[in-house]
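After this come two complexes, each holding subunit A, first together with subunit B and then together with subunit C.
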Partner chain A sequence: MGATARAGPTPSAERRGRRRWLLLVALVVGGIALAAGSTLLGTVAIPPQVVVQVLLHEVSGGQLYPDPCAGTNVAPRLCGAYEVIVWQLYVPEILLALIVGAGLGISGGALQGVFRNPLADPFLLGISSGGTIGAAVIYVYRFEVAQADLFLPLFAFVGAVATGLLVLGVARGRFSSVETLLLTGVALANLLSAVLSLVLLYNPVGSEQVTFWLLGGLGLATWEVDGIAAGGVLVLATLLVLYGRALNLIQLGHDVAQSAGVDARRVRLRVILLASLTTAIAVAFTGIIGFVGLVSPHIVRRLWGTSYRVVLPGAAVVGAIFLLAARDANYLLFPGSLLPIGIFTAFAGVPFFLYLLYRQRTGSTMGSV
Partner chain B sequence: MSLNGAPPVPPPRRTIALSWFVVGLLIVAGVAIAGTAAYSALRSSGPATPGNLTVTDDLGRTVVVPLDPERVAVLSPSIMDIMFRLGLRSHVVGVDCYAAADGGLAEDYSPDQVALWGLSSSMCIQIGPTFAPEMLENLTPQLVLASTIVSVAEVETISTTLKVPVVMLQPPTLSGILVDVDLVGTIFGVSSEAAALNAKLSAGLYNATVVTGNLSTLPTVLVTYYADPNGYWTYGPGSFGESLIEIAGAIGAGANATLPYPELSPAQVLVANPSVIVYGVGFGVNESTYTAGPLWSEFSAVKNGNLTGIDSNWLTEPDPTMILDGLPTLLAAFHPSAA
Partner chain C sequence: MSSSGAASPLSVSHLTVRYGDRVALQDVDLTVRPGEFVALAGPNGSGKTTLLRAVLGFLPPDAGTVELFGRPVGSLSVRERALRVAWVPQGESPRDDVRLREYVLYGRFPYHGPLDAESEEDRRVADRVLDEVGLADRAADGILTLSGGERQRAILGRALAQTTPLLLLDEPTSHLDIGHQLDLLGRVRSRVDGGGVTVVAALHDLNLAARFADRIVVLAHGRRVADGAPSTVLSEELLARVWGVVADLRRDPRTGAPYLLPHHLVSVTPSGPPALLGKGPVHVVGGGGSATAYLRALVDAGYRVTAGALHLLDSDLETAEGVGALTAVEVPFAPIGEEVRRRLRALLDGASAIVVAPFPVGPSNLPNLEEVRGSVGRVPIFLVRRPTGQEWDYTGGRARALEGELRTGGAVEVASPAELLRALAALSRPPPVP
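Right after this comes the complex of A and B.
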């Protein structure tokens, strides 16, 4: 091992490394292309030329294409509507899909690393149930602030974070094993689901909107929401990436990690806290979108290997693309219809999940986890 | 006796006890079945009525109903409206309600309706979130008048298991309301009252044609009854609401939708560019539900102040009140100069 390291990488390892870099570049370029193409998809079909001109008009502050519909036969009134639709609806929606997808992807990767369990996902600790309870409080009790401004995501965020902290708090101290933490999360999630069912049972009016929350959606996307979500996810994701090396050592066992100077217990708590906060941001703005956090880290492992220094940022990139692709699938498969985005991530995620189970039963370990 | 001459072996004591137990169980079961059958036969003969009547309801079902029943369960606010307007309130012993929240009635009936119709929680028959047939049976109705808020399986339970006839009143169009008024009048022997009410309703519909008859172009409108972060719920092709909008002389923003009750995205509303927006309020939905909806302030109807909030019952309940109160309000909102 040491000799190999001194002698430098072998030609085949070098080739593999180059191919991985190429893959990464291709993925990022593909993601950017997908984001650009996504502006053409939505509940209203807008001529591609108008979309491009609106984007150039807005990005240049009106310098380019002062009339975004110049050279087209789109009526002035419709042109104004298209401008609003592209710049105030589609673009914020696409950005929110990228931000939330990245957040869920990196959270899933981090939690799979902490729990050393390939089936761990960001909603494992009951965070989603807590967020939904927070949202339900707004919807069901019909506060005057319902949907207004940022109260709705704020309540959902508080609910999600409170649940995450509660799980961590309950599972601390002498009950601080990974198993206790997981089981506490599962138990609390079930309890909160029961509470939610009870609340909705007695408040059926709010149940319509809570359903939106349960299946996820990008309907709250605005530039303001994107700014807040992007800021939060960027900071938290950067902090999570810094724990990549520690997570690699934890995969070798807590004793090994300890001997390498990593306090496994402390790292675990911090990573769970960061992942919970990231997930809470996602839940706050889009509701519960399943499978992004579960699937993305596995795709990265298959493409780039099992090092968490790669898995964490890679899962963010893949998660972003995955969620955006799910949004686009909605509009491609059901033109003009609004369907909860969680349906599409589930359609893509469930087969992968089953594949994962099958691989486990047949002896595969999906990498080092 | 055994063939080889050996003495017969008596069955073990435990087997004898078990046999007696099984025989006893069978006797008890037989008595229970016979008793239930006798009770059921007694019930199916029903209370004494002047006679029966065979009617066809809105779902095309042929139902034999007692003539002028004294005890009726009404499972829809729209039917309750017909009953009240025909002076049949005293016949109603039970109404639909939802769980036990707020006495159960508040989710289905507005406070005004509860007060006007003299409803109380003791009349509550829970149909949501799960149907409680025992609450219906406890009120011993002779007839159930229901809309499609009651499922087919529940109708089956009421008519087959509880043996109470069910007439479904779910008019597909505004003119269907008149048919239902006539049917209820026939069942309760108040045909003249029904004819008088139908005359009023016909006049209301005729007035609408007078207002809208000379319009050269029809305005595009958004009639919405709910909003959420994804958009605005409205009426599409084949829905009752679309027929209401058409009679009020307008084209709904959801007219080209693929579903009868679509949710329009804000982008779709922007492109449809409705000149008027009418939104339903009540049952926990108020103006702020819509004003906080996506891109609400971008709609030209909002910018121009062409907004009208109306009782959501007038938009969702196909009953006489929809024609007498809801339709004139829509006409005034859609055609302020003509109405």
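Right after this comes the complex of A and C.
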């Protein structure tokens, strides 16, 4: 570095950097361990040894443990049921939790970025209400039950996307400020909620399912569902991550971003679209799962800093683990029954979030109260 | 006009910008030469920020054109523009505690596709810029931990990292203390001198503008009202006309740059500095601090003043020099000599009124009263009433006798600075037409 001796980063900064890497490694390793361990939990209590052997059997394509229940005292007939439960029920459920959690996490992070508002969440633009209306149509007007598995997500997705586009369209007219967009979203969400209430009032049949839908759940998980959701979320999340650098500049204000080469208006529109589509996928398959999208980006900020190049992928990882942990909390606290998962995202998330907030009071984004 | 190779960094012609009905810029022309440091001056609301924002393409012109290096700004993509011009806005306040180095690297945005990692070039630029803004040792710290002055330098660093040939600054020093103001503009100046960068900066402080800029462009009510080198642009008349401020123009003894000493608003004294001001200054004779209140009151009311003769180290002399009065000065404790008497006589001859402050009179400064007596009948003389029961005449009665002569010669007695101003104002009214 030549004759001028430049002081390196302060030791504390270096230590901080190392700690961040350790945290990341711990999180990823922990996440994988959690996913594996989660197979032990579910609606049916299955001997752990059987679960492990079923997994190895399936993963190896039947090479290992041709009889998944070998060495256990499980009856062969029951063994077949266990095999189905673990591989067709638990694993898709776990994967769906990871996929949807990742989608909600990154979507929340992206929307907090474009709106420069730490309270933004994936349902900001009325997507939840739209999705619920779509789902309610299925539940209330009861199409063939056999087709529900297929049509429910489709209707919910269409409802969610239509609402998001409507909000964007309305707000993008003459008055295209961010505030207008947010308020339009809130207004339309309320209108749709009113419509939903009216529909349910006159059609009590199905209102129970709709309520269940409103709290979210992993009950629709199948390998096919996972495949579709994973494909969609992966593509959209990848595209969103590309906007990390631009979102960093947008935090400095529209004009500064613009002056530094960010086409702020275009970036904003695209990120909103991508995030809304991601959310719509999540809504389509799991209903309205609150808190994941709001909290995950904040957890990342507390642990790794505020750059959106970190916040976006980080929120996906944290969101995935978070939702999976909520699923596990369900089975641990209420063995044998799959309850609305939104209950557990709140139970698991709020205390941890508050702990993070109070432990580390620096880096306020909105000023002190 | 010229080939694009030699195109000026910034060329604004006939630019008009309106906000609704309000005209923010009216027919503004501005051509900036490469390597120039142009200061935009003008009162609040005169259109400085609007002009900068129009240059950046944020405000579409209602008429006229803005060209950056020969290309209309509207024809440039956001990225192309960001490669040509960087901006330090007014009051950019980062909200997130980004590390300084990363923050500076934000300026490298236009050099990247979405997938690129930081390049070697980026790191080199960031290091150089951090050095340039004197924050190399803070690179790993969060930007919110920086002081106000450091943060402003960080913002400059972010703009410099864009490595554009044109740099726009909007009030970059407005929240900084005097040391940081000099520091920041000094760094900008050396960028201009060393790097072939062209700078256009809106600056409130005219003295800083005169000190650092090659050229000052003055805007008032959206129009360009002055443009040129600081020494030709800045004048007392300009300050009164554009800012409504009465000020004295001086010259910085070290740099030769003009600097302005603002006094008060023109509108504070709607009735005067009356007709007298045009004819000549008011001369104040004093000493030992007796003239201070009168000098200040006169200057504040808009009168030009002269003073003397005074001895060096006299507190009245300090005041007189402080308000920019011409003075006749004698060395300490010596009697006022012939040389100084001549100078005093010249000052008295040029004065439109004379004020005799209640100064203690001894043999050394008795000539003051003798000279004032010479002006009796020629200009109005005001005699400040002396406090009773306090000895002031150390000349064995000669001073007392001289004052008596002044009184009989028509000198008006006043008891306070306010009374003096009232008396002067009465004098300056046009005489009643018979």
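Just so we're on the same page, the second predicted complex is superposed on the first by the 327 of 369 C-alpha atoms of A that agree within 3 Å, B and C clash if a C-alpha of one lies under 4 Å from a C-alpha of the other, contacts with A are read in each partner's own complex, and residues count from 1 in each chain.
We take it that contacts are C-beta pairs under 8 Å (C-beta built on N, C-alpha and C of every residue); 3 or more make two chains touch, one makes a residue touch a chain.
All values reported here derive from a predicted model rather than from experimental measurement.
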item	value
Contacts of A:Gln63 with subunit B and subunit C, given as first, second, both or neither	neither
Subunit B versus subunit C as contact partner of A:Leu201, first or second or both or neither	first
Which superposed partner A:Asn73 touches (first subunit B, second subunit C, both, neither)	neither
Which superposed partner A:Ala81 touches (first subunit B, second subunit C, both, neither)	first
A:Gly336 touches, of subunit B and subunit C: first, second, both or neither?	first
First (subunit B), second (subunit C), both or neither touched by A:Gly253	second
Residues on subunit A lying within both footprints (that of subunit B and that of subunit C)	none
In the complex with subunit A, residue positions of subunit C that touch it	53, 56, 58, 77-79, 81-83, 85-87, 89, 92, 94-99, 102, 106-107, 109-110, 112, 114-115, 131, 136-137, 139-142, 144, 158, 162
Partner subunit C, residues of subunit A touching it in the complex	6-7, 9-10, 13-14, 116, 242-243, 245-246, 248-249, 251-253, 255-256, 258-263, 301, 305-307, 362-363, 365-366
Of all residues in subunit A, those that touch subunit B in their complex	42-44, 77-78, 81, 84-85, 88-90, 142, 144, 146-148, 152, 201-206, 208-209, 212, 217, 219-220, 336-338
Subunit B to subunit A touching residues, read off their complex	98-101, 107, 128-129, 226-231, 257-259, 262-268, 270-271, 273, 283-286, 288-289, 292-295, 298
